[in-house]
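Alright, structures below, take your time with them.
Across the two complexes that follow, chain A remains constant while its partner is chain B and subsequently chain C.
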Partner chain A sequence: MGAYIIRRLLIGLVVLFFVTVILFILMNLMPGDPITAYIPPEVLAQAGPEYIEIRREQLGLNKPVVVRYFIWLNELVHGNMGYSVQNGEPVLSRIKERIGATFELTGTALLLAIIIGIPIGIISAVKQYSIVDSLVTLFSFTGVSIPVFFLGLGLIYVFSLRLNLLPTGGLATIGAPPSLLDKLSHLIMPAFVLSVANLAQFARYTRSSILDELGQDYVRTARAKGVKELRVLFYHILRNGMIPLITVIALQIPLLFGGAVITEQVFSWPGMGRLALEAIMQRDYPLLMGITTVIAILVLIANLLADILYAVVDPRIRYQ
Partner chain B sequence: MKIVKKIWLVGLAVLLVSLMSFSPAMAVKEGGTLNLHINKTPDSLWPLTATCRRATYLFELTYNYLVGFNDANEIVPQLAESWDVSDDGLTYTFHLRKGVKFHDGYPFTAKDVEFTYTLLANKKAASLFFGKVEPVKGAKAYYDGEANKVDGIQVVDDYTIKFVLEKPNAAFLSNLMFPIVPEHIFGKIPVDQLATSPESQKLIGTGPFKLVKYVTDQYYEFECFDDYWQGKPHIEKIYVKIAKADVAIAMLEKGEIDYIPEFPPSELDYVKSLPNLKILTQTNTTWPWAWCFNLKRSYFKDKRVRQAIAYALDRQGFVDSVLRGYGTVVNFPNTNARWAWPDPSEINQYPYNPEKAKTLLKEAGWDPDRVIEILYYPGNKERDQFATIGQQMLKNVGIKADVVCMDVARAVEKFHKGNFDILQTGASAQPDPDYQSLYFESSKVIPAGDNITSYANKRVDELFKKGRKTFDPAERAKIYKEINKILNDELPWIIICEPMHVSVVNKRVHGMHFNPNIIAFRDPARLLDIHKWWLE
Partner chain C sequence: MMRDQNLLSVKNLRTYFYTEDGVVKAVDGVDFEIKKGETLGMVGESGCGKSVSALSIMRLIPMPPGRIVEGEIYFKGEDILKISEVAMRKIRGRDISMIFQEPMTSLNPVYTVGNQISEAITIHQGLNRKDSWDKAIEMLRQVGIPDASKRAKEYPHQMSGGMRQRVMIAMALSCNPELLIADEPTTSLDVTTQAQILDLIGKLQEEFKLSVLIITHNLGIVAEVADKVAVVYAGKVVEYAKTDEIFSHPLHPYTIGLLRSVPRLDMKKKDKLQTIEGEVPDSLTFPSGCKFHPRCFLCQEKCRTKEPPLIKAENGRLVRCWRYNEI
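Here is the complex of A and B:
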């Protein structure tokens, strides 16, 4: 197992290298220039004709792409992700100041999706074609298809404006002393909105995966030898049924970091999604490279983690 | 006719403003917290590199300029108490206000003015506003590294400073609306690191409020500055909250935000139903929405084609329906300088007339199979709608058009390369009409300036040059009137309309006084007298 992990990590490094090369090329193929992208034309015109050239030189944008890539890589190896084009702040510190709030939101949302979605899926599988099952199916289709901004604004309208129960957005009440209750009241709506799509998806996966297992021979055997139904469900079926779900959930982990652009915007949440969107709109290459590289690393780690978890859940799986 | 309407609207705005200030006398109350709103975090708070109006908004809380504008659009003292201009129009001597302090308690002196304007001319500072000091003697040499100081900026004593210009420039005074930054802090930081230094984001100025705290993408917290030179502000604390525009409207209703400075007119019906809010309007001549033609395209060279398109567009209908009447149709790219506007009888009003458009197109030999492109980048909810509305109106007169929407970065690249037919955009204007030269002088064709359309007219070039050298107001007015008349006839741009400036404020805020007109695009001047505001 140890050797397997090390081998996977080494392969991961090579993959990461190629991923960054491709990202860098793609980013430079994007039409538009970081300087003209964030400075309005009429302001740029006031600045004098050579302004673009001066800034390009200061930012090193006038060097060939290959040279720029290796400068970037060299700095990365030394722990420096570069500086944001717009305000010169280190990319790492711009990511850091948002990472806490991002994980808070996306982590809660994922947790909500797991602890609600999986039990719902189990119930609807066991009680197939019952009213509960139909309701779950209806709910999950609604959940997957409802646009996030619509749900978000709808909740704000009902719970903040009409019922006056929850704040419209933000991390915490401005100026109030920090408290858990205040924090939760700000977190609940965005986390719920964000979890709805995942929740529905998890419920659907759990349901179909458990239905597959229900018809298996080992289930009949277990029942035949007189094992109690609950034990059949939790001890036999669930362990096998969880394997495809591990992949589904593991693939959500990198998205945790990426944040959720729309939910963050609707609820004024200072997350990575907004930062990434801005970086794209303003062609802030260093910032965008920083964010995408971290996501690439997380994808690799999440995949490895999923593979290891398979072995833990299913003793039949062994890695050499 | 349209101008009459404009004057009427101005009158109405003045009336509204005066009614506000004469409403039943209430005693001014001290203290309280005001909640302001911006929709996105500004990309930088360093005055030399900040590009957005959101940053300007925060500058108005924290900085002062040398001069400002009054309601009649005259330049009035701010940090400069008075000034003299030499007879040849070359030397400006400013007498600075005494007893002004920066937020850290340091006194403001001529050194700070010298430092700020020298910095604007420093290439290493990557200043976006070199244009403001360019007329000063020696500024170009300093910018090019040929001199170690700007010759034309001379400190006489602590409270007197002289600016000597290269040649007379009637627009110079209005260039001086720029935040004065403290020399004792920024003088110690290497120039090329200024924009990225943590100090540059702290908004240390002489203004009525000081920045206490910034929470990433959440809010800015300001506290009143006790030693403010115009007197301690009535309001104790200000939060500037960052929220998406749709959500901000909900926050406004809930009382979490007191004031939204740029409010979409299409949402006003809803606001009118809420008892705690009031609507304020200002005419806004600084931000006309326009269709700019690419005059390098052979098929736009004939001015009859451009005029036909102007007749084809029902601009008044757009203002009445989409903008709910909060806008004015105009026919030349004006600035706020009313004295430079030609008489309405002297210009063509291009009223909606599809028949006339068809006739003109026929005369000009327009090929009905040609498909042109209307390019725009999303910028304003209402403005964006005009692209498709306009497309339909063109179709009615037999012009086929595609609408192309791109994000700013791609659109800018496209029109910088001259690869467009019609660009739909919002243009900014500064108070002095000379600012229009940026768009219409032939030496300013992109990328040297912002002459997107590649418009070239010898007479217009001549007039702009003459306008800069002329100081007699009556003579100057004649010059710009002629320019506007030519632009009205040749139509390198069709002005769609000038949207009015609509803001919504909670009724608990008192003492607000707005100039009935927005004066300058990047200097909305809405918070300039915030020290007089008070809360119920």
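Here is the complex of A and C:
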């Protein structure tokens, strides 16, 4: 197992390397000259081509892409992700100040999706073809289909503007003493919006996975030895049914970060997603490169965790 | 309530499945009895209702779509079709145990075999973890698994098919049941393992004073282990007699066909292996009259229109045929 994890980590590093290569190429394919982002527009208007060339040289932007990539990579290895164009701060510290909020949001969303989605999936499998099952199915398809921004704006309209129950956005009420309740009231709507698609997805997968297991021979064996139905479900079936779900959850994590970009924008949530959007708008290439790299690392870690979890849950899987 | 010396007596059992295509009469008139210590063989082709009969006795028919529409199943004098689910659950695994055809899939893949055996012991005998684990190891030893205390910690996928069936038997017998239902227990095993498992069941039957209902399509197995035989065709018992009587003097044309279609070592090269003409009827569209008449060499007008009841023949044998005494 230990050797397996180390090997997977090494493979992960290789994957990460290629991801950053592709990201770097994509950044360079973006239309526009990055130099224009570094020179204030009023200076740019007056400056001659010589000045622009001097700045280009100073910033190293005259070097070929390959060289620039390896300079960036070398700095990354030494813990430096470069400097934000907007305010010259290190990219790493800009990400650090935002990543906490994003973790809060995505973590809560994932938790909600798991603790709501899986139980309703189980209920809907056990009560197959019942009214509850149909409702869950209807909800799942709605949940998967509805765009995040639409749901977000709709909820803001109802709960904030009409009912005046929840704040429209932000991390906490500005000026108010920090309290858990205040924090939760700000968190609940964006986290729910972000979780809906996942929740629906998890419910669907849980349902079909449990239904698969319900027909298995070992279930009949368990019943034949006099095991209570609840124990059959929660002890025998659930553990088998959860195995395929690990993959599903792991695959949803990248989408969660993607979804966070929009959700954070809708709810003015000061997280990494909004930072990414700002970076795109401002053509802040180093910042954008940094954010995407961090997300890539998180996704790789999530996948590794899923693989390890597999081995823990399923004794048939033993990694050499 | 009925009182007799039968441990199990099944009367006129009918289990139907209500599917979208219509009513499937999987079991449509099954009668048999098992005395204490006795072995009954239930023989028939695939899909004739053998397994559904067994699952009906355990009350493990998936409902819906299935339903036991008629009949009585007396176990120790009590009709277990009338008792509550809670009471039935106490019977399952404690008084009546069952082993299945597929040892590969009948065990839960994510728990150790020791764990799965001790689960039944904990449920029915209320032993604590340690004691039921020790009992599980003891059971593994009884079914001839070497190095039992180590193998108890293994998972099903680490064992061969024969070993897994031994584990199933250990599990089934862990609470000293009075009746063991073995549904094609050796069908998916290779021939040498088959013999070992049958020997094991026979040996344990004596030790545990078990009654056994063995379901099979293999007449060889029946001849070897069963005291009595119930031949099942299209959901009905068509012949019911002592094993030696069935083999020496079958009464029902279907039984005769079955016996003729067993290849024998003393057959000459030019002898063709006989088969029963036609196919097992689709359970949605059973023929009228005797269900076997389209395939029967004795078929007459009466057979086409009127279904025979289980007729009492000599020596208390039962046969569902109008013309059995003409054979």
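In this section, the second predicted complex is superposed on the first by the 287 of 320 C-alpha atoms of A that agree within 3 Å, B and C clash if a C-alpha of one lies under 4 Å from a C-alpha of the other, contacts with A are read in each partner's own complex, and residues count from 1 in each chain.
Rule of thumb we're sticking to: a contact is a pair of C-beta atoms (placed from the backbone, for glycine too) under 8 Å apart; a residue touches a chain by one contact, two chains touch by 3 or more.
All values reported here derive from a predicted model rather than from experimental measurement.
Q: Applying the touch criterion given at the start, work out whether A:K225 contacts chain B, chain C, both or neither, answering first, second, both or neither.
A: In the superposition, A:K225 touches chain C alone.
Q: Figure out whether A:I39 sits in contact with chain B (first) or chain C (second), or with both, or with neither.
A: After superposition on chain A, A:I39 lies in contact with chain B alone.
Q: Looking only at contacts as defined up top, I'd like to know whether chain B or chain C touches more of chain A.
A: After superposition, B is the partner touching more of chain A.
Q: Counting only touches as set out at the top, which of chain B and chain C does A:P315 meet: first, second, both, neither?
A: Touch partner of A:P315: chain C, not chain B.
Q: May I ask you to decide whether A:H236 touches chain B, chain C, both, or neither, giving the answer as first, second, both or neither?
A: second
Q: List the residues on chain A that touch chain B in their complex, please.
A: Contacts found on chain A: 30-34, 36-49, 51-52, 54-55, 58, 83, 86-89, 97-98, 101, 153, 156-157, 160-161, 164, 167-171, 174-175, 265-270, 274, 278, 281-283.
Q: So in the complex, which bits of chain B are touching chain A?
A: Per the stated touch rule, the residues are 33, 40, 43-44, 46, 49, 51-52, 123, 126-132, 134, 143, 192, 195-196, 201, 215-219, 221, 239, 241-244, 246-247, 250-251, 253-254, 256, 407-410, 412-414, 416, 427-428, 438, 444, 447-450, 452, 521-522.
Q: What part of chain A is in contact with chain C in the complex they form?
A: Per the touch definition, chain A meets chain C at residues 216-218, 220-228, 236, 239-240, 313-316.
Q: What residues of chain C sit close enough to touch chain A in their complex?
A: 58, 60, 89-94, 97-98, 100, 102, 105-112, 119-120, 123-124, 155, 157, 168, 171-172
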